[in-house]
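Two complexes, one shared chain (subunit A), two partners (subunit B, subunit C).
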Partner chain A sequence: MAQEASSSTSSKTISLKTGDGEIFEIEASAAKQMKTVQRLIDDLGDDITIPLHNVFSKELPKIIEYYKKDITGEITKDFEAEFVKDLNDDEVKVLFLAANYLDANKLFEFLSQNIADRLESKSVEYVRKYFGVENDFTPEEESKLREERAWSFRGIKEDE
Partner chain B sequence: MEKSMGATNAKVINHIPEDLAFSILSKLPLKSLKRFGCVRRSWALLFENLHFLNMYRNYFISNNHSYYDGTSILLNQTNNPLSGEAFHSTLYLLSGERFENMVKLDWPPPFHEDDSFIEILSKTSVNGTLCLAQKNGMDLKCLFWNPTTDEFKIIPSSPFLYQSPYMEPTVDFNGFGYDHVRDDYKVLRWLCFFNITGVEVPWEDYLYVDPMWEIYSLRSNSWTKLDIEMPASASNEKLHVDGVCHWWSIHDDINCYDSPPRLVSFDLCNEVFLTTHLSSDMIDPLNILHLTLLNGFIAFIIYDQTTTFHIRILGELGVKESWTKVFILEPLPSIEHPIGAGRKGEIFFRKDDDELVWFDLSTQMIEELGVKGREHCCHIVIYKDSLLPIGGF
Partner chain C sequence: MEVPHDIAFEIFSWLPAKSICKFNSTCETFSKFSQETTFKTKQTRNLLRKDDTCFFIQPEKTRQKFEKRVELHSLPKEKQSSGVPNNVLTFLSNSVSVLASCNGLVLCRTINDDSLDLFICNPITKSRSSIPIPESLQINDNFANINIMLDCSRSNLDDYSVFLFKETNFKEWSPTYICNVYHGEEGAWKTMANRFSPGGRNMKFDMAVFHNKAIHVISDSAFYFTKSSAFYDPYIMSYNLENGTSTLLKLPTEAIKDCHNMCNMNIFNWGKVTSSNSSICLVKLRDSGFIIWILKDYKSSSWEKLLEVRVEALELKEENPNVTGFTIMNGDLLVFATEENVYSCGLDNEKSMKVEEICQHNCGSNTRFIAYSDTLRSCGTNAETMPC
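And then the complex of A and B:
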């Protein structure tokens, strides 16, 4: 492919290498939407395969799919619903963290909303496990708080 | 903490760092947020964490609630007349990103002769229809009006108004809204009766008429007495959202004694009501309350003489613990009182020089609308236009 002195990003593709060694191609204009990738391109040049240590072959194609749609202005509510439809909560979490690592703001905001929607009716236990956080309340503190906020537990299945 | 699940699989990362967690938490409904306060200590105090609060506020302001889809803003303004001048209500349609376009709309014919103190019930429209009311001494006008088609329909007089020749009613229009079960428009009113002054009532004609609630149904085109003991409104701020009429009261259920202020919510479909008390830190004898709808949430703007405005939004109807402190508007110089809220975090106020202004929650800027208004007589209405005939049937 002929290289141009001034970077014309419209039809150029960038090679991205995942943490588990696979290589994926992405259009330069889509790569621009992921600030981490763009920074690496600025540092390393756009001819080199950009290494993404913290993103893996399971997530990257999905992220590329999202930004492919984004650069053609085709992201709709229907597309977004389809995009997450078959993903379980953990898979969305991995994508969310990858979007954060890649500094891909639009995808990050969309996924954080999707996770919020998924967690809305979940139990305290489920949310603790999901976020990987420890319960630092004493048993007395926790039961007192649960009592104060009893209204927020109505209709929620605690073992979910 | 990272756990590797094999060379080709994605690493399953257990821990989500707190600032990333906030991005998710700030998008949750209040009920979930309050429940998840039990996850860990730092989450119990989310609304006291400035970083989280800023994220929540940004999301709150930018989130377009579906209630506002396709809506515009109407300003129902009353002038502050000089001596000898008359009172006039003027209706403006506000449009433009910064409300720079103000178009005056003409009231329907029944108000052409007297356009003073016209009330737009519940500051809302149903299928493009507004409900207008005017009380002028003994003369009571109430009608439906579609400003887009100019169609209007006068609501007939209630048989309950003049039950005794010696008593006259004080009428409080509590609400207008939509009963989606019966596909009906309803108007709710509170009547309170007083002896006509100066008239001596013959003993044998003495009839004490209890205060009562009545409801008008467009489908039946008639008023019905409501057998319900419900607190009457303490202010002009009345709202309608999704078939429920809201107002606030300082009376107990039978309107005899003063009680701490509470929100009253009347469901137009099953004609029952629910009260939501205010939390103790919202109640203070020096506080002034203004009920409004802010970005789809029922909210109170609470202020006193210091011109600092506190905004509390309601997480769940009926739950006094769910009033949540979301915004504090630092002393806004010369601002006297709110007159309503817009569609994307705009709050409208009246200043002490009568100028009507709007405050942008995201930029914290205040801008004048270019019109002046009388104290407590100007209101913002969220209007969704429609070409449907009144009642749609």
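And then the complex of A and C:
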């Protein structure tokens, strides 16, 4: 398939298709920020719809919104705070995993910090559920850990 | 939905050290994170971008030899997630005076000896590294003031610098100071070629501010010069760390007025250190009132008054509060102590200054504040374990 020489990338849009079959448009310069997307464009060309099997229509618009602001240099602390304000911990996790899949570095880093802030004062059990891990210590190992770390368990918030 | 472990590694590296210690109990894989050097380095670097979450509070230096005490408290939002193990704090409280802290490293002086015995430690990893004192810098008097500061490199996380200013020219009215710098990674002292000449006044070395590649110290404001002297009014003197030049920065006119009596003025970093409009602020406490100025233009020493507030207007717990010490944390939060309590006061909106009670304290009058952030920063390759 012949590829057109790309002229100004600012006006060029790329079509993305989510895992649940919906199509969204983004600017080519925003697509550059998502390395997975850029790799797919490099392989498949920028004229066809790029399939994103692991990203769904719930989260892609939010990601596009973030990068729309990024390419115009408008990402501020206030914008970032607003961006995650109404998301619960699980919604942020889904967004975060999508950013990881898309290799969207800036969003990934911002969401890492945001998740860390949310988890800081949560309980160990909450964090296990969040990451989908099991308590694989022996009872002796675990009580030894609790003894050693008794100070770090002070003041645990009630899980929401 | 399971999250791959290397992603959990990323998220955990943004947590303060106390939270990381808590989550060591999550599962075996996660408990190994904090033992990995790459993790410790990542966490140290990440926390450089975040605010300090705690502060040390101690009695006045001369009192501390008899009333050994080091307290650490977290800012209101951070009580659950940031801090230091109790046994380490007790150990420090019984044996040291904390001199400075930066990115999780704490510079301490043991107070049980008359000679100067310094070390850097990380209270979370319980590691410490002694700082050798060459004969020429040794002092044999526990009450003597040592003019010392700590700076942690933001680019090389294995390095830190300790600055020690030693007075020379004792007979002159305007003493000069030799600046000796200890580089942690190299483990060696170097002497700066040019001496620091802070003029005729006594300088508050323990309230030094790093800004614009220079160390800034404010003078005291006592009345001991005549009007004809160049040093009649208090001032700030900066010491450029690249070329060793000393430069005087004037204080705002209103600050100099009525400053000779019962007045306490100190400078602090203003704004986030990483932002381009970071600067220096001046806080004047006089007559139970705070006035704060921000340095707007460095070259011309022009200041802008930020706000003025009477302590009684802050509606504190006590009836007649007497402020015994204060600091500005994170470039935007006023933290101050009364005889019994510590409060914080947000400075971002002067119409509604949010005052919060942080804790009680037992450090008496003239309390000293040192900000702290719990990281896993390394104390260097020759670090030993702290005995606690």
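Criterion: the second predicted complex is superposed on the first by the 150 of 160 C-alpha atoms of A that agree within 3 Å, B and C clash if a C-alpha of one lies under 4 Å from a C-alpha of the other, contacts with A are read in each partner's own complex, and residues count from 1 in each chain.
In this text, a contact is a pair of C-beta atoms (placed from the backbone, for glycine too) under 8 Å apart; a residue touches a chain by one contact, two chains touch by 3 or more.
Predicted model, so just to flag it, every value in this text is computed and none were measured.
Peer 1: If subunit A is used to align the two complexes, do subunit B and subunit C fit next to each other or clash?
Peer 2: Superposition result for subunit B and subunit C: clash.
Peer 1: After the superposition on A, what does A:Asp42 contact: first (subunit B), second (subunit C), both or neither?
Peer 2: In the superposition, A:Asp42 touches no partner, neither subunit B nor subunit C.
Peer 1: After superposition on the shared chain, which partner residues are touched by A:Glu59: those of subunit B (first), subunit C (second), both, or neither?
Peer 2: First partner only.
Peer 1: Once the shared chain is lined up, is A:Ala116 touching subunit B (first), subunit C (second), both, or neither of them?
Peer 2: Both partners, subunit B and subunit C.
Peer 1: Thinking of the overlay built on chain A, is A:Asn135 touched by subunit B (first), by subunit C (second), by both, or by neither?
Peer 2: both
Peer 1: With the two complexes superposed on chain A, say which partner A:Asp20 touches: subunit B (first), subunit C (second), both, or neither.
Peer 2: First partner only, subunit B.
Peer 1: After superposition on the shared chain, which partner residues are touched by A:Leu145: those of subunit B (first), subunit C (second), both, or neither?
Peer 2: Both partners.
Peer 1: Should A:Glu74 be classified as contacting the first partner (subunit B), the second (subunit C), both, or neither?
Peer 2: neither
Peer 1: Would you sort A:Lys93 into first (subunit B), second (subunit C), both or neither based on which partner it touches?
Peer 2: Touch partners of A:Lys93: subunit B and subunit C.
Peer 1: Of the listed segments of subunit B (3-11, 201-209 or 381-389), which one clashes with subunit C in the superposed model?
Peer 2: Clashing stretch: 381-389.
Peer 1: Return the residues of subunit A at which the contacts from subunit B and from subunit C coincide.
Peer 2: On subunit A, the overlap between the subunit B and subunit C contacts is residues 93-94, 96-97, 100, 108, 112-113, 115-116, 119-121, 124, 127-128, 130-137, 142, 145-146, 149, 151-153, 156.
Peer 1: State the interface residues of subunit B toward subunit A in the complex, per the touch definition above.
Peer 2: Going through subunit B, the ones touching subunit A are 1, 7-16, 20-21, 23-25, 27-29, 31-32, 34-41, 44, 315-316, 319, 321-322.
Peer 1: Looking at the complex, which residues from subunit C come into contact with subunit A?
Peer 2: By the definition above, subunit C touches subunit A via 1-3, 7-8, 10-16, 18-19, 21-31, 46, 79-81, 83, 85-86.
Peer 1: So in the complex, which bits of subunit A are touching subunit B?
Peer 2: The touching residues are 19-20, 56-59, 90, 93-94, 96-97, 100, 108-109, 112-113, 115-116, 119-121, 124, 127-128, 130-137, 142, 145-146, 148-149, 151-153, 156.
Peer 1: What part of subunit A is in contact with subunit C in the complex they form?
Peer 2: That would be residues 93-94, 96-97, 100, 108, 112-113, 115-117, 119-121, 124, 127-128, 130-137, 142, 145-146, 149, 151-157 of subunit A.
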